[in-house]
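In this document, chain identifiers A, B and C correspond to the written order of the chains, with residue numbering beginning at 1 in each.
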Amino acid sequence: MIRRTASIVAALIGAAFLLAAAPAQDSAGKTLKIVSSLPRTGSANAQTTSMVNGIKMAIEERGGAVDGFTIEYDDMDDASPQKGNWDPAVESSNAKKAIADETVIGYIGTYNSGAAKVSMPLLNKAGLVMVSPGNTYPGLTKPGTGEPNEPAVYRPSGKIGYFRVVPTDDIQGAVACEYCRNDLNAKKVFILHDRELYGKGIADVFKKTAGATGVEVVGFEGIDPKASNYRSLVTKIRAAAPDAVFFGGTTQTNAAQVLKDLRAGGCKVPFMSPDGTFEKAFIEAAGKDNVTKEQGGVFITFGGLPSDQLTGLGAEFVKKYKAKHGVVPEAYAVYGYEAGRVLLDAIDRADKKDRASVLAAVAATKDFTGALGTWSFDENGDTTNKTMSVNTIKDGDFSFLKAVVGGAAKAK
Amino acid sequence: MVRAVAAVEMLATCALSRADSVAAFAHDGALSSWEVFGQQLVTGLSNGMIIALIAIGYTMVYGIIELINFAHGDLCMLGAFFALTVVGALGVDQWGGAGGTAGLVMVLVGTAAFCGSLNWSINWLAYRPLRKASKLSLLVSAIGASFILVNLGLFWGGLPMDVFAGGTSSAAPKAFPALVSSDPAAQIGDVIYSRTDFLVLCVTLPLMVALTYLVRYTKLGKAMRAVAQNPTAAALMGIDVERVIGATFFIGGALGGFATVVYSLYNQTVSFQMGYRMGMDAFIAAVLGGIGNLPGAVLGGLLIGLIRSMSDGYIEARWTNTVVFGILILILVFRPSGLLGAKLREKV
Amino acid sequence: MGAPRKMPWKMALALVALAMIPVVEPSLPQRLAISEPMTDVFVYAILGMALNVITGFTGLLNLGVAAFAAIGAYVFAISTCEIYPFQLGFWPALALTMAVGALAGFALGAPTLRVRGDYLAIVTLGFGEIVKDVLVNLDSITKGTQGINPLPPPTVFGAELGSRGQYWLLLAFVVVVFAGARSLERSRVGRAWLSIREDELASRAMGIRPDHAKMLAFATCASLAALAGALTASRLSSSGEPSNYDFQVSVLALCIVIVGGIGSVRGVLLGAIVMVGMNSIVLVKLTEMIGNTDSAGASRLAETHGMERVWVFITTWAQNVLLSPTNWKFLLFGLALVLMMMFRPQGILPPRAEHEAPPEDEGTGPAPAKGAAP
């Protein structure tokens, strides 16, 4: 028996080594590596695929090399097949792997703010710069917006090593609420959220802003994102008779089902949701008949401008993406692209191609001309770009309504 | 079976034709408290009937080989993909009128046949070789089958068809065309009994009646009961046990197929991950009623549906799962073999 | 209590080999690094051994072992994290976690002693769902889905452990739990568990109190599972979010136990290496090797006809999903389970003949009279 044990263990370890060793190329010479850690397995796949495409395009644009150094790119998955979603064990393992690999000079990630909380302290300690294309939880960077120990707790080295190219939820939630009040003339709103970090966070801001601006909140409920339908909740909403319904959540946490059940249950008031639903998959999941204006309309805020409203470099990116992949990129693709570009730009500017210099160069990014306009990183590592947009759905596609420049943290 | 299908067709036609006469309801202010209660009742019963239909498939398989068939929910999920593919390929949503009703019946029967055959094949491939193994090995095999089915659902969602949104994001949930609209079929005050609610009733009720008839009065039903009682004795009496087990899997799967079409029409969503909740609810329902017991599964399903909607309505949606499982545990503590389950005999 | 057997030299060799992994690793190419996912294997090994106490030894099917791990992780996180007032050290927190875990085991076990077989399975499953929901909903205490972090690194005699130290610490825990489970199996209470599994009525006649023994099994399982949860939390420096301890984790633990060889502690260890190794090492490396493909471009379907259309349909489909190895993970995992059960239904390393159960149910299915047995 023991012999068998030993031989099975040996065979397994051997197999793993063989698997790993087979394509191992020598990575000697002047090679630098960028890695990204995004949930590639499971339901966020469409968004992350377009982000990865964006990163790849940013590298290709520079001919795969910066300042004489070849740039390698590794697309890591921080989801596990069991969860079908990001997994802290995998994210932590990714971060450690990146740290251990000396050629890695930049870490693009993560998509989920919860995952960032795991890898941020690790990468910070190792002095490896992290640029996120998707995290919107304010507490990661802004003091006073989250827990009392945030964000210092993510910076064990005492320095800032985490940057993000997307505006945060505290801005977006407030923008959504103000649109609801001023443009939709809603006096009473019913707020739903998916109980997740992102969804609940943005719903909380919405609620706070509503309280401050005199919109009555007639209901505030967390849903079960795995439920098969929300008909009974819709009855509750009908009983409260709101002028609008806000859902803090994403397509993955069943936003489309909430919308469908609202319409099927006869609650035809405007439906608002944040940028976690600003993807084609949301319209496809909701069905073309449920998103129309006659059914009450759907309004989606987004932490930036939609693809067709981008100008300059952004518009060029969309054009190139379309030529290469045949489809218009998802809204988040440009953030992947921008994260890649700002990192490559910093590598270019860094006088020594080591982690510390690149980190310093990223932190020094100022008036960067990117696909999202001209912006800088502020003292917290946040982008100074606070342009938001409100979009609706028309003829089965997103349609831009207006751009709003988010006031900084109006709702605290 | 034929009779049941005919009944469905008749009732469905009736539902589809009468709805236009009811004026589209107006949304005028708040609902009174009894209206809220009535509406929750309607929702709970409709959801409950769908759960019950799936639970029957669970409980039948359990009754005959004592397997908690973890793959059952995922089987239903694949059934939904099958139905969506048929609808998309033939454009059933465009047929309209009597053609639409015929299309609906065709989708129902086709999906039932698909799910039945698939369940039969899974039994043949994955469970049949394990008849002599321990029950836990069988359980792990079912878990494995469930993983495989989930993955097949992921592949299926990537088919480059319009109904799958070109298949570019296979993991995203897909909209199921509203073959039956959710306009009111009847309305009392502000309580809406929609056409989809009616559809649920039209499909589930006749099937339950037909199944009861099958199990009670047909030869196959008797053979199924005999195998459930004692397979060895049944085999000695000349019953082909394997054939009976296969038939049970087929029927259970077919019921799941009917249920999944109704589910898809009611919720209008299909996703490769939907099997988990479908299976879980049905499993709870089957256990609540007394696993292995057919009327128990129906009772359990209705109860789960009602508890869910009442908890959503009167407690808080985020506590609904806790309420459901809490009630389940309480009931099992006081009735350890479910509401209608036979008291387990202690070994003498 | 049988005399402790000498450790077989091959097992000692395997242990040394495992312990050497983080030492030799830095000199190997990056792609061969497996110490990180190996810690995953260790944690699951402990969870598997915990489940084995109740499902393997005592014969009670438990589908909610992850709930105890969740309780462990959160108790550990709350008692050590700097945002809470307790801030215990690593070892006191670990002791507290195991005690709370045992209490939770009692709390679930006591009222459900009458519930048997598959009914008990769903009670444990429901308990798992309730714990997960409560952790999400009581967000003022548990921080909801945010996760509690960071947690201080483990210390040994006041010295903080680095990643290599943590690896060895986890390995040491596996060894200790393994040795403990083995000696528990041969102890008085362990033999009582085995006899309950085989025949509750007969064991009652022999003077064993099944209720006591079952409660003890519940508490032991829960306590060890809580330990596994606490060690995960400490390794990640975060409690993770409640959905990290969902049904899937319980299922994986169950698969480890059954694939390894139910009732056999060594089998469970091997099961953890095989199942989690496949999950966290082989599948991951496979994906790294092949990489992700680009998703398909706009479908040219509309312009094509006949056979060409079929061809374009298939290639587009392949490009959409089939070519990406990440999309095959569930399938490979499921296939492995089904095949494993088909060819080795008793597991890789079934328990030795001395404890071996008589072959269950010779017939085509268990008779109703045996319905009480899980």
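Note that in this section a residue touches a chain if its C-beta (ideal position, glycine included) is under 8 Å from a C-beta of that chain, and two chains touch if they have at least 3 such contacts.
Just so it is clear, the model here is predicted, and its values are computed rather than measured.
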Longest centre-to-centre distance from subunit A, chain (CA-based): B
Leading chain pair when contacts are tallied as C-beta pairs: B-C
Mean-CA-position distance for subunit C and subunit A (Å): 31
Centroid distance [mean C-alpha coordinates] between subunit B and subunit A, Å: 36
Numbers and ranges of subunit B residues touching at least 2 other chains: 168-170, 276, 318, 321
Residues of subunit A engaged with two or more neighbouring chains: 49, 195, 222, 327
Subunit C, residues touching no fewer than two other chains: 136-137, 295-296, 327, 329-330, 333
Contact set on subunit B toward subunit A in their complex: 25, 27, 29-31, 35-36, 39-40, 43-44, 46-47, 165, 168-178, 182, 184, 190, 192, 194, 196, 263, 266-269, 271, 273-274, 276-278, 281, 308-310, 312-313, 316-318, 320-321
Subunit B-touching residues of subunit C, taken from the complex the two chains share: 55, 61, 111-112, 114-119, 121-123, 126-127, 129-130, 133-134, 136-137, 199-201, 247, 251, 254-255, 258-259, 262, 295-296, 299, 301, 313, 316-317, 320-322, 327-331, 333-338, 340-342, 345-346, 359-372, 374
Residues on subunit A engaged by subunit C in the complex (per definition of touch): 1-6, 8-9, 12-13, 15-17, 19-24, 27, 40-41, 49, 52-53, 74-75, 77, 80-83, 85, 87-90, 92-93, 96-97, 100-101, 114, 117-118, 121-122, 147-149, 153, 156, 195-197, 200, 222, 325-327
Residues of subunit B that touch subunit C when the two form their complex: 62, 64-66, 68, 126, 129-141, 143-152, 154-155, 157-160, 166-170, 227-232, 235, 241-242, 245, 276, 280, 283-284, 287, 291, 318-319, 321-322, 325-326, 328-329, 332-333, 336-338, 344-347
List of subunit C residues in touch with subunit A within their complex: 8, 10-11, 13-14, 17, 26, 29-34, 36-37, 40, 82-83, 136-137, 139, 143-147, 149-150, 163, 232, 235-238, 240-241, 243-244, 246, 248-249, 252, 266, 270, 273-274, 277, 279-289, 291-292, 294-298, 326-327, 329-330, 333, 348-349, 352
